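Two complexes, one shared chain (subunit A), two partners (subunit B, subunit C).
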Partner chain A sequence: MGGLIEITLGIMTAVGGFVDISELVFAAQAGSRFGFALIWVFAFSTIGIGCYGEMSGRIAAIAKQPVFNLMRQRLGLRLGLVTLVASSIVNTITCAAEIGGTALVLHLLTGWPYALLAVLSTLVLMAIIWLTPFKWIERSFGLLGLAMICFAVATVKLAPNWGAVAFGFVPQIPTALPAKDLVVFAYFAVAIVSAVMFPYETYFYSSGGIEENWKPKDLKTNRLTTSVGFGLGSLLAICIMINAAILFRPLHIDPQLPGTAALEVAIPFGKAGLLLALFGMLFAISGAAVETGLSTAYSIAQFFGWEWGRYKRPHEAPRFTFAWVTTFVIALALVLTGIDPLQLVEWSIVFSVVLLPLTYLPLLLIGNDRKYMGEYVNGRLSNGIGWFFYAVLLVAALAALPLYFITSGGQT
Partner chain B sequence: MRRGDPLKLLSEVRDLQIVDKDGRNCGICDEIELDGAPGEALTVSAVLVGPGAYARRLPRWAHRLIAHIAGRGIVRVPWDIVEKISGRIHLSVAAETVGLRRTEDRLIERLKQVPFS
Partner chain C sequence: MRATPAIVLTALLGWSPAAADDLSDIRSVRTLAAEAGAVIRLQAQHSVTETYARTMKQEARKQLAQEAQDAKAPQLRKIAGQAISALDDNRASALAGIVQQLFRMEGPHGRAD
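For the complex of A and B:
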């Protein structure tokens, strides 16, 4: 019974913690701009993050090796260091975007000044990390983020053409679009792949597995969390896209602000719906801020072999503590410069996709290494999906920057 | 010892996590020190840890940058206190015995003064 509760909680946490500001913004924009035509990219990328998430959790449970330890061993010092520096920059930018998003949602709820709310929310998040152990942090944000289910309820209420929605799951490129829009379509496709397969998610997930001392008996929970949990979480993002296609596309509204996405629930359910959507967004986005802040510290501490983890008290892993505190301070400073949080989201999305091949290669190599993994080495399915997605990520990484500049970040 | 063995050792030991006898993480094997003379077999004499050790493996500009940020410190861990290697390098002594975790120990004292730490 305890095991079943544990698995259910794990899945629910994954569902509630799946959507962050980048998925929220890009799903709503993609739905408004291309209707249901990009649903398949969300579904497709979810298979990728499910595969790599499962692999990183299995490696954490069996080899007890966190991602950045592996990265240094397998990529070597030079390439590992390049990845560390790049991922720390991207994670910090993403953390700033999430703090900015949290402040925007709080601003909508309270009407208080944005900068003050950014400072207050950063201080509260840091206090939560300082005072609570890993499991509580992960569970509380994940479970409160479940309020995002209101977006799925809104989809049912809005009664889309389900046949057209189902067709959206079929890989497609809308050939009727003019060439200029096709390039924007490609940019959104790459951005969604990046948003769903953000590197920090694997750093955080595998480090969490080690924090919670996963063992082979936890592999079932790992498999269910990364398949069912991530799958249902992705479905929430798809619902945001469907709602945007129904509500915003006919009116040519470009939902660039997170608050616009909340209207997807406000329109069918009124004020109560709006508050519930904002509440869900608040915990989903602030939870992602915690994950990105901690991921930076995990990466640096693991790369240099320091003590790390939130299962230790702050003074027991001092350099790790210093690293996450510094990340939050820099991220807050970025927000306070006045840079638009959505600009930060775009930068983090584009630079993340360039990092993805470097992040996932060591996982594939260790997952196939019988010396580390013994009988739990990658199976044929895991390898097949893993290498296929690796090829996709290489193409996405090469295309990301040119597409970003050609489309001016999807604006043309 | 076969001719290829020392090189294999180098590639398999370098960049591994080091843990002390209490299971605490205390750095990464940044470089290996070898002993030997022309015509003799090379033997591993120590594991080197610290920015001064890994910076040597980087291009010169990065070497200077790291020296500026993290210093040139190297801690020498004698090979005879390496107990076993199994995905990590396990030491038979506490980290402090060989001078590892100095920065940690300094920071611990400061952090202990912060409430709820």
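For the complex of A and C:
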């Protein structure tokens, strides 16, 4: 019974924690711009993050190796260090975007000044990390983020053409679009792959596995969390896209204001729907802020072999503590410069995709290494999917920056 | 529903940064006006909270003012100014008219449904 509760909680946490500000922004924009035509990219990328998430959890349970420890071993000191610096920058920008998003949602709820809310929310998030055990941090944000299910309920209420939705799951490129819009379509496809497969998610997930001292008996929970949990979380993002296609597209809205996504629930359900949507967004986005802040500290501490982990008291892992506190301070400073959080989201998405191949290569290599993994080495399916997605990520990484500049971040 | 890489390559090679900037400006003003119009309509129907409506309109106004200042095309600067006036007066129908005008201005660059 206890095991079942644990699995259910793990899945629910994964669902509630799947959507962050980048998925919210890109799903709504993609739906309003291209209808259902990009649904398959979300579904496709979810298979990728499910595969790599499962691999990273299995490696954490069996080899007890976090991602950045593997990176130094497998990529070498120089390339590992380049990856560390780049990922720390991207994680910090992402953390800033999530803090900015949290402040914006609170601004929409309270009307208080945005800068004040950014400072207050950063302080509250830091206090939560300081005072709360890892499991509670992960679970509380994930479970409260389940309020995002209201977007799925809105989809049902809006009654889309389910046949057309189902067709959206079939890989397609809408050639009826003008050629230049096809380039924007390609940009959105790459951005969605990046948003779903954000590197910080793997860093956080595998570090969490080590924090919670996963063992071989936890592999079932790991498999279910990364398949069912991530799959249902991805469905939520797809619902946001479907709602945008139904509600925003006819009005010629390509959401530029972060609060616009909440209208997807306000239109069918009124004020109650709006408040529920904002509540869900608040916890989904602030949960991601915590994950990105901690991921930076995990990465740095693991790479240099410092004491790390939220299972230790802050003074027992002082350099780790200093790293996450510094990440939050720099992220807050970025927000207070007045940069639009959506601009930060775009930067983090584009630079993340460039990093993805470096993040996932060590996982593939260790997952295949019998010396570390013994009987739990990657199977044929895991390897096949892993290497296939690795090739996809290489192409996406090469295409990301040119597409970003050519399309002015999808605005043309 | 299949596109060849050649189509994408043609689109990439035929890209004009200046035209892309203009189109980007038009799209920004169009969607901000559309978002503001939607909020005004929902506010009138009491479907959103007053705080939400006020802050969304403030943000839309701020970004429209930025577009009115930064847009390269004088006509677009003027339209952005008109959108701000319509927003200040809570005229959703005027905003809808502006959105349609801008959508037409996007011309062959616009979305194909």
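Simple rule for what comes next: the second predicted complex is superposed on the first by the 412 of 412 C-alpha atoms of A that agree within 3 Å, B and C clash if a C-alpha of one lies under 4 Å from a C-alpha of the other, contacts with A are read in each partner's own complex, and residues count from 1 in each chain.
The criterion applied here is as follows: a contact is a pair of C-beta atoms (placed from the backbone, for glycine too) under 8 Å apart; a residue touches a chain by one contact, two chains touch by 3 or more.
All values reported here derive from a predicted model rather than from experimental measurement.
S.K.: Specify the outcome, clash or fit, for subunit B and subunit C once both structures are aligned onto subunit A.
M.R.: fit
S.K.: Touching A:72 in the superposition: subunit B (first), subunit C (second), both, neither?
M.R.: Only subunit B; A:72 stays clear of subunit C.
S.K.: State whether A:159 touches subunit B only (first), subunit C only (second), both chains, or neither.
M.R.: So A:159 meets neither subunit B nor subunit C here.
S.K.: Look at the residues of subunit A and decide whether subunit B or subunit C touches more of them.
M.R.: C
S.K.: Would you check which partner chain A:63 touches, where first means subunit B only, second means subunit C only, and both and neither mean what they say?
M.R.: In the superposition, A:63 touches subunit B alone.
S.K.: Pick one for A:318: touches subunit B only (first), subunit C only (second), both, or neither.
M.R.: After superposition on chain A, A:318 lies in contact with subunit B alone.
S.K.: Look across subunit B and subunit C in the superposition and give the shortest C-alpha distance you find, in Å.
M.R.: 37
S.K.: List the residues of subunit A that touch subunit B in one complex and subunit C in the other.
M.R.: No residue of subunit A touches both subunit B and subunit C.
S.K.: What residues of subunit C sit close enough to touch subunit A in their complex?
M.R.: 1-3, 7-8, 10-12, 14-15, 20-21, 23-24, 27-28, 30-32, 34-35, 37-39, 42, 46-49, 51-52, 54-56, 59-60, 63, 99-100, 102-103, 108-113
S.K.: Residues of subunit A touching subunit C in their complex?
M.R.: It comes out as residues 33-35, 107-111, 172-183, 186, 251-257, 259-260, 262-263, 266-267, 270-271, 274-275, 278, 402, 406-408, 411-412.
S.K.: In the complex, go through subunit A and note every residue touching subunit B.
M.R.: Its residues touching subunit B are 63-65, 69, 72-73, 76-78, 80-81, 130-131, 303-308, 313-316, 318-319, 321-322, 372.
S.K.: Over in the complex, which subunit B residues touch subunit A? Could you list them?
M.R.: 15-18, 24-28, 30, 49, 54, 57-58, 62, 87, 103-104, 107-108, 110-112, 114, 116-117
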